[in-house]
Structure formats: C-alpha cells, structure tokens
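One structure below.
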Amino acid sequence: MDKFQQLLLDSGLANLEFGQFSMMIIGLVLIYLAINKQFEPLLLLPIGFGTVLVNIPGAGMGDPGGLLYYISNIGISTGVFPLLIFMGVGAMTDFGPLLANPKTLFLGAAAQFGIFGTVIGAMWMTSMGWVDFSLQDAAAIGIIGGADGPTSIFVASKLAPELLGAIAVAAYSYMALVPLIQPPIMKALTTEAERKITMTQLRVVSKREKIVFPLMVLFLVAMFLPSAAPLLGMFCFGNLMKESGVVERLSDTAQNALMNTVTIMLGLGVGSKMSSEYFLNVETLGILSLGLVAFCVGTATGVLMAKFMNLFIKIPINPLIGSAGVSAVPMAARVSNKVGLQANNQNFLLMHAMGPNVAGVVGSAVAAGVMLSYFG
Amino acid sequence: MSDIMWDGVSLMVMGMGSVFVFLALLVLGITIMSQILMRLPEVEVVARPQSRNSDEEMAEVAAVAAAVKLVHQR
Amino acid sequence: MDKFQQLLLDSGLANLEFGQFSMMIIGLVLIYLAINKQFEPLLLLPIGFGTVLVNIPGAGMGDPGGLLYYISNIGISTGVFPLLIFMGVGAMTDFGPLLANPKTLFLGAAAQFGIFGTVIGAMWMTSMGWVDFSLQDAAAIGIIGGADGPTSIFVASKLAPELLGAIAVAAYSYMALVPLIQPPIMKALTTEAERKITMTQLRVVSKREKIVFPLMVLFLVAMFLPSAAPLLGMFCFGNLMKESGVVERLSDTAQNALMNTVTIMLGLGVGSKMSSEYFLNVETLGILSLGLVAFCVGTATGVLMAKFMNLFIKIPINPLIGSAGVSAVPMAARVSNKVGLQANNQNFLLMHAMGPNVAGVVGSAVAAGVMLSYFG
Amino acid sequence: MSDIMWDGVSLMVMGMGSVFVFLALLVLGITIMSQILMRLPEVEVVARPQSRNSDEEMAEVAAVAAAVKLVHQR
Amino acid sequence: MDKFQQLLLDSGLANLEFGQFSMMIIGLVLIYLAINKQFEPLLLLPIGFGTVLVNIPGAGMGDPGGLLYYISNIGISTGVFPLLIFMGVGAMTDFGPLLANPKTLFLGAAAQFGIFGTVIGAMWMTSMGWVDFSLQDAAAIGIIGGADGPTSIFVASKLAPELLGAIAVAAYSYMALVPLIQPPIMKALTTEAERKITMTQLRVVSKREKIVFPLMVLFLVAMFLPSAAPLLGMFCFGNLMKESGVVERLSDTAQNALMNTVTIMLGLGVGSKMSSEYFLNVETLGILSLGLVAFCVGTATGVLMAKFMNLFIKIPINPLIGSAGVSAVPMAARVSNKVGLQANNQNFLLMHAMGPNVAGVVGSAVAAGVMLSYFG
Amino acid sequence: MSDIMWDGVSLMVMGMGSVFVFLALLVLGITIMSQILMRLPEVEVVARPQSRNSDEEMAEVAAVAAAVKLVHQR
C-alpha cells in the first residue's frame, strides 16, 4: 500500500505552499472580475484560469512537458501570439475617423506621456529604494499606459519576461476600469463650456484612402522606426486585408477563428507566467500603482493636448476626445462620448473620439518600437 | 537627480520625441495623400464585375452544376 | 534509363510488405465503418485515412520529415491535442442534469469498474502467458472502458505509446457500438418493473450553479488529485467559458474551428501510430477483447449500482440510467432512453441519463489521474 | 495468485477508491453549493445592460458610423 | 544622447540597401496587382506584404527569432502548409464532371507537357550560359506549368528552396493571367467549326462513385507512385471528407477556418523568401519567362490532345476544353466556356471543362511525385 | 546536344510517361468502378435515419432539454 501513501503524498493538500494558494486565489479573483464585473473577460478569464492551473501543486502544467509550458514557449516567448492578435485587431479597426481628421493623431501622441511618465515614476521608486526595477523593467511597465494588451505583452516578453504576468493583468484590468478612471480627470481638467463644444460631422473617407493608409504607415515604419515593424507591420497587414476588400475570407478568419484561438492560448500562456515567485512581491504592488498612474497621466495629457491645440486652430475640438488617445479601444471613446453627453445631450462625440482612440494604438506601438530599439 | 532618473528622462525625451515626430509625419502623409487621392479621377479602385475571387467562381460553378443536374433529372 | 528503373523500384508494388498491405486494408475497413456504418466518423475517418497513408511503402509520411510525423510529434506525444479536444468537449457539455440530481455521480463512479476490471483482465491474460502486457499497458488498455476518446489517447500517449493506435481504435469503435453492446446487459440485469420506473422531472438549475460547478471540480482536483489536473482542468476551462456567458466567441471557437482542426490532426496522428509492427500481433486481439469486456463490465456495474442505491433512497431511480455512467456521451444516454421507452412508452429517461453520462466523463478523468499518479 | 495480479488488484482498489471518494466529495460539494446559492438573493450574476464585450461595442460603433455616413450622403 | 544617435543609426533610411528597396517596391507591386487587378489576391496580397516586411532594413522579421522566420520554418520548409492547403482544396473539389467523362483525364495529362517542356527550356537556357539552373532547379521551375500553387510551393521547397519566392510568384501571377494567356493560343490551334462543337450533357454521378474515387486514387498512388502520396493523399483525404457526408464539420473547417489561417501564413512565409539576394538576378527573369512558356505549352498540348483524341472517338469533344487541363481551377475552365460561347452562343462548356480542369490538378501532382522520386 | 539537355529529356520522357500511365490507369479504374457501382443494387450508402453524428444527437439532447425546461417553467 505504499502506492496509496504515494497518492496521498502527491495530493495537492499535502504539497500546497502558501504562495501557490495565494496565486490560486488571485486567479479566482481574476475569473470573478471577468465574469461578474465584465473586466475584459476575453483575456482575464483565460489568464485567471491559467493562473489557477499553473499553481496547482504537483500538476506541473507549467513545467517542461506540460501544456501551459508548450503554449507559453511557442507563443509568448517568441512574440507570435501578440503579433497574431495585433493582426486581428488591425482587421477590426476602422481608420475612417482618423483619416477624416488627421490632426487628432496629436491627441494620440500626447496620451503616450502616460507611458514615459510611468517610466520616470518607476525609476523614482527604485531610487527611493522601495523596489528594484531596471530601466528595462520600467519601460515594460510604462507600456501599461499604452492601454493596449498585445503591445504590453509583446514588449514585456522582450524586456522583462519575469514581470509579464503582472504587467498583462494590470494592463487589462485598467483597460476595464477606464470608465471609472477617466471621467473625474476629464472633468477636472475641462470647463463646462469646453465640454459643450460640438464638433462638425466628419467627412466621408474614400475606400482608396483607407487602402493607402496602412501602406503609408508601413512605409514610415520601414523608413524611420524598423523596431516597430513587427507590431505595426502585422497591424497594417490586418487592416489592409480588411480594407482591400479582396480577401474577405482571410480577413474574416483573422478576426474570428484565428484570433479567438490565439486569444485562448495567449490568456492561458500569460496565466502560466503568474507564479508566486514573480507575482507575490512588492514589485507587483509597484506595477499596479504605476499602471494606474500611467492611465491617469495619459488621460490628462490627452485632454491637455486638445486644449493646447485649441489655442492654434480655428474650429475648436472638444477636449473630451483627448482622453481617448490612451487607446483602450473602443472603451475610451465611449467614455468621451458619455461625458460629452452629460454636458450637452445633443453632443455625440463617439466618432470624433475614435480618431484619437485608434491613433493611440499607433502611438503606443511607436513608443514600443522606440523602447525595443533603445535596449536592442 | 540620480543617474537612473536621468536614464528615465532620456528615454522619455527620446520616446515622446519619436512618437510626436512619427505621428506628425503621419499627419503630413495623410493630408498629402488625401489631397492627391481626392484630385485623382474617381476610378472605382476595386472593379467588381470582372473581379470575383475564386470562391465566387467556385460558387458559380456549383450553381451551374446544380442547374444542370436539375435539368437532367427531369 | 537507370532513373526509370529507380522509379519502378521505388513504386509501392515493388516494396509492399504484407504487414503494410494488411494495415492499409484495416485503414480501409475503418473508413468503411466510419462512412457506411457511421461509427464515430469524426475520428475513425481520419484515423483510417492516416493508417493508409502511414503504411504506403516508401512514402515515408510517418518518418522524420513527413507530415504525419510532425502532427504526431507535436500533438500526440505531447498530449496537446487530446487536451484541446477535452477543452472543446467541456465547452459543449451541459452539467445541468447532473447538478439537478448530484447522486447520479455515484452511477458514473460505479461504471469505472469497467476500467479497473479490465486492468485485472489484462494482468490475468499476461499471467496466462497469452500476451505480454506490463501493468502500465494494462492501465492504458483499461481506460478504453472509460468510453472517452481523448482521455484514452492522453493516457495511452503517456503510459503505452506503442499501443496508442489499437487503444484509440478500440475506444472509438466500442463507443460506436454502444447501442448494440449495452441493451442486452441492461435487460439481463433489470426486471420489467424496474425498467418501468418513472423519474420525476429535474429541477431547473440556475446559471450561478453552472458557473460555480467547474470551479468546484477544479478546486477538488487541485486539492486531491493534481495528476488529473491537465484533463479535468482543460475540461473545466471549456465548461466555464461556455457557462460564464461572457466569452461566447472563445467558447464558440473552442467548440468549432479549433476543435475541428484538432480533431482532423488528432485522427491523422493516431492513424500514423497504426504500424503493422505494433498492430498486427496477438496483443491487439487482447486489447480488442479486453476493451469489449471493459464496456460490458462498466455497463453492468453502472446498472447494479443504481439497483444498490435504490435499497437506500426513498424515490427510486430507474436502473437503466446506470449504464449511461460509462460515458460515450451522448450515445449511452440515448440507449438508456430507448430501452426505457421499450418498457414504458411514456418514460423519457434521456435527461435523467445525462447526469450519469457526464459524471462518467469526470469519473474516467479521475481514474486516468490516479493511473498517471500511480506510474508518475 | 501471481504478483502481477496483485498489482492489478492494488491498482483497482486504489483507483476505484479514489474515484468514489472524489465523486462523493463532489456530490457533497454540489449539494452544499446548491443550498447556499439557492438561499442567496437572486442577483442576476451576469448583468447584461452594462456588460457588453468589446465586440458588441465595436458593432455599436460600426452602426453609428454607418448611420453617420448615411446622413452625410443624403 | 548617444542612444538617440543609435536610434537614427538604426532607422530604415540609414540602413536601406538598394536591393531591399527594390524588393519592397516589388512587394508593393504584388499588393497592387492583388488589390487593383484581382490577381489571385488570397495569395499575392500576403506574399506581397511578407515581401515588404522581410526587407525592412533592421527589422529582422525574417531572421531567427522573427515572426516570418518562425512561420517559414514551421510551415514552408517542412511542407506542412502546402499540404494542408491541398487538403482544403480537395474538400472544395467536385470530381463529378471528371467521373461522368473519365477520358477527359487524358487532356489533363497532355497539359503537363507544359511542365516538362519547361524543364528542357530551363536546361537549354543553362546550356546557352544565360543562367545557371541545375536539373533540380529546372524541375521546380517546370512545376509552375502545373498551374497549381500549393504543388509548386511544395516541390520548390524540396528541390530548390532558394527559388521558392520567384516560383510561387510566377505560378500565382500566371494563374491570374490565364484569361489573357490562353485564348489566343486556343483560337490559333482550332478551327471555327471545332470551337462550335457542342457536347452532350454529362450523366449524373452517384454519391457512391464520388466516395470511391478518392480511395481509388489513393490506392493507385500507393501502388505506383508513393512519392506523390503526401500531395495526393492529403488531396484525397479532403475530398473524402467532403464526399462522405459524415464529417461535415471537419470538411467545413478544412475549407474555411483552417485553410484561411494556413493561406495567411503560407503567403507571409513565401513572402519572407523574397530577399533581393535570391530574387534580383537574371535567374528570376529566366523563371518568369519559362513560367509563361510553361503555361503556353500546357495550353497548346491540352488543345492538341483533344484534337488528337477526336481522331479516334465517335462523339467528338470540343478541343477548347483541352486548355483547361493546365489546372488554374476554375479559371481555365471559365476561359474554355467563354471562348466556346464566342463561337457558339448556345455552347456551354463550363461543366465539360471542369473534368480536364481537376484532372490537371491530379496530373501535376503526379508529375510532382515523379520529380520528387527522381531526385529523392 | 549537351549532357544536361539529355537529363532534361530523360526527365521529360519519364515524367510524361508516368503521368499518362497513371492517368490511363485512373481512366480504367473509374470506368470499371462506375460499371460495378451502377450494377450494384441501389442501396443508399449513407443511411440517414439511424446515422446521425454526435453533433446532431447533441442538438437533439439540447432540444429535449429546452422543451423540458419550458414545460417546467410554466
């Protein structure tokens, strides 16, 4: 009966460490947030489940030979999964509002201050001796402020793999919290009169412009920032498949079957990085607080940039659409719309906010490229 | 200010600089492109009639096949 | 013209060995059963085709560099394919009937006697000198009695890779034969009066219970049987995706595009394990006969367990639903229903039989976990 | 009875024991869970109105875009 | 600020070589042809985009660790992607017209002269000292004349990997140009009276014949040409999944989600082989001109074979369907139909041309098998 | 004629020979098969009624479940 004894000794209860137990609880919390609070469930549900699975004592699902190990090694470490997701996101993105009003790109640029402000915050925390972040860690943490999941995961997998779990969780959680985080900042930085500014209807953008746009972005990336080529290249590829209209079946698969499959794997793979060793420490608290700061700073600089631009341009823009520059597509644009409606119930800002919103995606991919080049 | 803070500031200057320069180039590019494209004659880029992909052609073939079969079975 | 001679020398006819020829015939028989007899065609058609392909002399499709070699090495040896299938099965399973009547879990437990009875049968055959099965082989063979394809393949790939082909073929064939195998046993072990027992309608199970259930199974697995974590973890993950209702697009892909893709690959990969060397021997005969015994024993113990439980509980259960405990979802439950209707044409047992039916899936995954832990 | 037979019996005892214990725990767990959940107030777990996923929101955005375009084209 | 200098030094402009620039232009031309001219957009759009991506200086997307490197190594070098595409094509092919009129197989056979004529052309070019093709290179180039993308890619990946990009581009481009290439040749080789020949309606082919057919092809391959087993085996597998009618969900995925995913990857992977080193040389010019010759020769021999067959058979066949034997499904069959209608506006040849059309697919796969065996 | 030209010709002879022989065998095979199958009694190969795959059965189960639920809720 020593085999029976072995079974008991192998049981989870007998081997459970406090760290694993805590991580399983954290996994369950993520699942709870995903299901009951609708926090980005497409990612947080698989991440939470992966967190539980990888922390089951003795199951070894994250060890060599285990399913989560294969998923993580094939798709996360190589950067393949985030890039395929980005292709799918590209195939779902409509650049029409951006092309109709290209100066909103500056709002998307300004909101990236959230990224780099956070880098400085992380270095300051380190200089205070609270945590121990290298500059690479700081850069990876800053990308949380890009409010763009795949970009965060891609950068973290290159610059700070051991922080990947915490960074991904922070990024998706704060993206889900955008409707709570942004409105107070937006209201504090704008006057009632500014919020009531109505914007003229956007012009119709021709199919040709939409087809040329991804190729132009690709050209600029190739000429000026090759380190952003994987992210923006796949993004533009997805978008070109959509807008060209000649490969609808590929575009459809990129948006659906392929993207869903990769999302499941990406979530499980990120979850498998959630080990107590890397997550249960003061650095994670630092990451979570810095991530929140990143979102707040990005929101603020986006709004302020809009106000600044209004000093120079004739037809003023409503500063509320500046906050959409942080990305979190399309949540942040909806927040702009909602806050706008509170000030003026005839003021529909949604389409106007989509411009800076997708600009923010391009902006954080550019920022990611700079960082990858800086440390390359 | 400590060295590592300076590293952060340097990364920020470089990063935000690149982001603004890149997106400014993009604004410029979009504006030029839109101007050019709007002045070009209104050619329908994607010519539908003679432009069906192999799927649609397959569907046509299938439709013809079905019709033939139907006729034949009568 | 020596090149032409070479072509002739390379031709299949010139190199055909009797074993390969026989295996190709077996592959064709499987294809015939799949198409004409509807024997689990989703698996047996690809398995049969894979069997033919891998036995084409000189084609080398199963040798290093061949397609079937890649498929088999990437998905079967690693256990990745069966686990992804199990996730999809989880996303297709409704635990409502089980939650409405949890004591039917005992029926699903009892039917697992088929598994372990077969292990003893295999050891007995070995002790008689007829075949040469190790205890590991016996365990892998026993899992045929679990009547659950992915579980059988997963266990066989870990414990007895060289028997994988025969085990998978036996498992799927007998699952298809359930409507022939079970009724005589069910009728022999029950009286007409017992078969006429009507069961009260099941209560409605709330969405919340269905969401908590997979998490509870996951918790019990984590605490008591980590070796079952890969199988039951992925199963629960699929089920949670389905029941949570917040990730419908992921659940849909897990059930369709992803599952179909993996099914094609799994079938071809299993087929590629069907070499004459491992299949054309007396062991395969042993496996086939033991697999049949496993199904019969499982059916019988399921029915007997129901009769035993009726000794203790007030509202009796119809023993015919006990046979559904062997899994073979949903075939075995339909058999229970059909035999029930023969005795009493107003007695619809289908929903009641779904309880033990899905309990059988959990039960054989638990049994698989015990075996993997035993030899781990 | 030979040694290997004993191995089989030992595996059977352990296996069926584990299966029954595990599933009995599950029966217990389900019963307790159902009791608790049925007594809890009837909160709709999944709050639909404010709970749309990004796809649905994307669809809304698309719908608005289409409407705007339509208005514009008149 | 040396890091800033680094960024500038890393930029594409600073590192752009003329070869890379040229290849990017070629990529854009392919994208233009795909979108504006509808040249096989499903393949040429991803190939063109992949060409641009892999030639971005400093991005390293095709170097070890880059996305295109992974795609190319996993799917192209192994031959996995073309085989999976071939499975999908099989699941989309209806052999009904071929089975109704099996002698059209000879038309599909005759059109393969395009393949082997090109081989001789390539050797002739080499003997003239214009280019330097080995016999293996010549064989891979010849397969362009098979007018079948996956077959060309599969053979090129085995026999002449460095020519893969040029071969794939030539194959798909000429397939798109079939409506321009074929009609003059067809008209030059037929008389007005021949083009007016009407053909009797095809008999209805039973489901059973359609099910047995792929198995018969598989049997003949296994017996006589095992080297064609990967290509024709997967093709027949796809066709059997379709015609059997018992695994509709697998057949559907093989035709859609799986095929689209693999098409995207295959296109990007082929594009990643388009480096200036292998593409910008006189050999590519040779390949492009030989590819055109291959299509012309195949068209001509197909038509001539039909005329030759009319010498022996009672009910004459319209020689215009002979050109469909080059494959390029279903484009070449539509061309036959169109040219036929020009001669006699009541003469619908489409269904009759589908017979040689699909026969051409089988024929070039057989030719590919012979070549792989010759050099194996 | 140079050696490499001869290699090409040899490959051509062998290749076209194989293609024609193979496809001729296929023509023969198809003709024989069609003759045999057309003479065989007209059994419906795929027997629909008792032949549903597990998906369809799952759908049936689901339908029954839905019906039961509906009845229950009244």
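In order of appearance the chains are A, B, C, D, E and F, and numbering begins at 1 in each one.
The rule is short, and it goes like this: a contact is a pair of C-beta atoms (placed from the backbone, for glycine too) under 8 Å apart; a residue touches a chain by one contact, two chains touch by 3 or more.
Note that this is a predicted model, so its numbers are computed, not measured.
Chemist: Quick check on the contact graph: shortest path length from chain A to chain F, in steps?
Modeler: Shortest path length, in steps: 2.
Chemist: Over the chains that touch one another, what is the least number of steps taking chain B to chain E?
Modeler: The distance in steps between these two chains is 1.
Chemist: If you average the Cα atoms per chain, which one ends up farthest from chain C?
Modeler: B
Chemist: Quick check on the interfaces: C-D is repeated by which of C-F, A-B or B-E, going by over half of contact pairs matching?
Modeler: Most of the contact pairs in C-D are shared with A-B.
Chemist: Report the chain whose mean Cα position is at the greatest distance from that of chain E.
Modeler: Most remote chain from chain E, centroid-wise, comes out as D.
Chemist: Rounded to the nearest whole Å, what is the centre-to-centre distance of chain E and chain F, using the mean of the C-alpha atoms as each centre?
Modeler: 22
Chemist: Report, in whole Å, the distance between the mean C-alpha point of chain A and the mean C-alpha point of chain C.
Modeler: Taking the mean C-alpha position of each chain, the two centres sit 41 Å apart.
Chemist: Listing for chain E: what residues touch at least two other chains?
Modeler: 3, 7, 35, 38, 41-42, 211, 224-225, 244, 246-247, 249, 256-257, 370, 374
Chemist: If I count partner chains per residue in chain F, which residues reach a count of at least 2?
Modeler: 11, 14, 18, 45-46, 51, 53
Chemist: So which chains actually touch one another? I want all the pairs, not just one.
Modeler: Every touching chain pair, ordered by label, is A-B, A-C, A-D, A-E, B-E, C-D, C-E, C-F, E-F.
Chemist: If you look only at chain D, which of its residues touch chain C in the complex?
Modeler: That would be residues 2, 4-5, 7-9, 11-12, 14-16, 18-27, 29-31, 33-34, 37-38, 40, 45-46, 51, 53, 55 of chain D.
Chemist: Would you tell me which residues of chain F are touching chain C in their complex?
Modeler: Residues 10-11, 14, 18, 45-47, 50-54, 57-58, 61-62, 64-65, 68-69, 71-73 of chain F touch chain C in their complex.
Chemist: Give every residue of chain A touching chain B within the complex, in rising order.
Modeler: Answer in residue numbers: 98-99, 102-103, 105-106, 108-109, 112-113, 115-117, 119-120, 122-124, 126-127, 135, 138-139, 206-209, 211-213, 216-217, 220, 224-225, 244-247, 249, 359, 362-363, 366-367, 369-371, 374.
Chemist: Which residues of chain C touch chain A once you look at their complex with the stated criterion?
Modeler: 78-80, 83, 211, 215, 218, 221-227, 229-230, 233-234, 237, 240-241, 244, 246-247, 249-250, 252-254, 256-258, 370, 373-374, 376
Chemist: Which stretch or stretches of chain E touch chain B in the complex?
Modeler: 1, 3-4, 7, 35-36, 38, 40-42, 92, 94, 96-97, 201-204, 329-331, 333-334, 348, 350-351, 354
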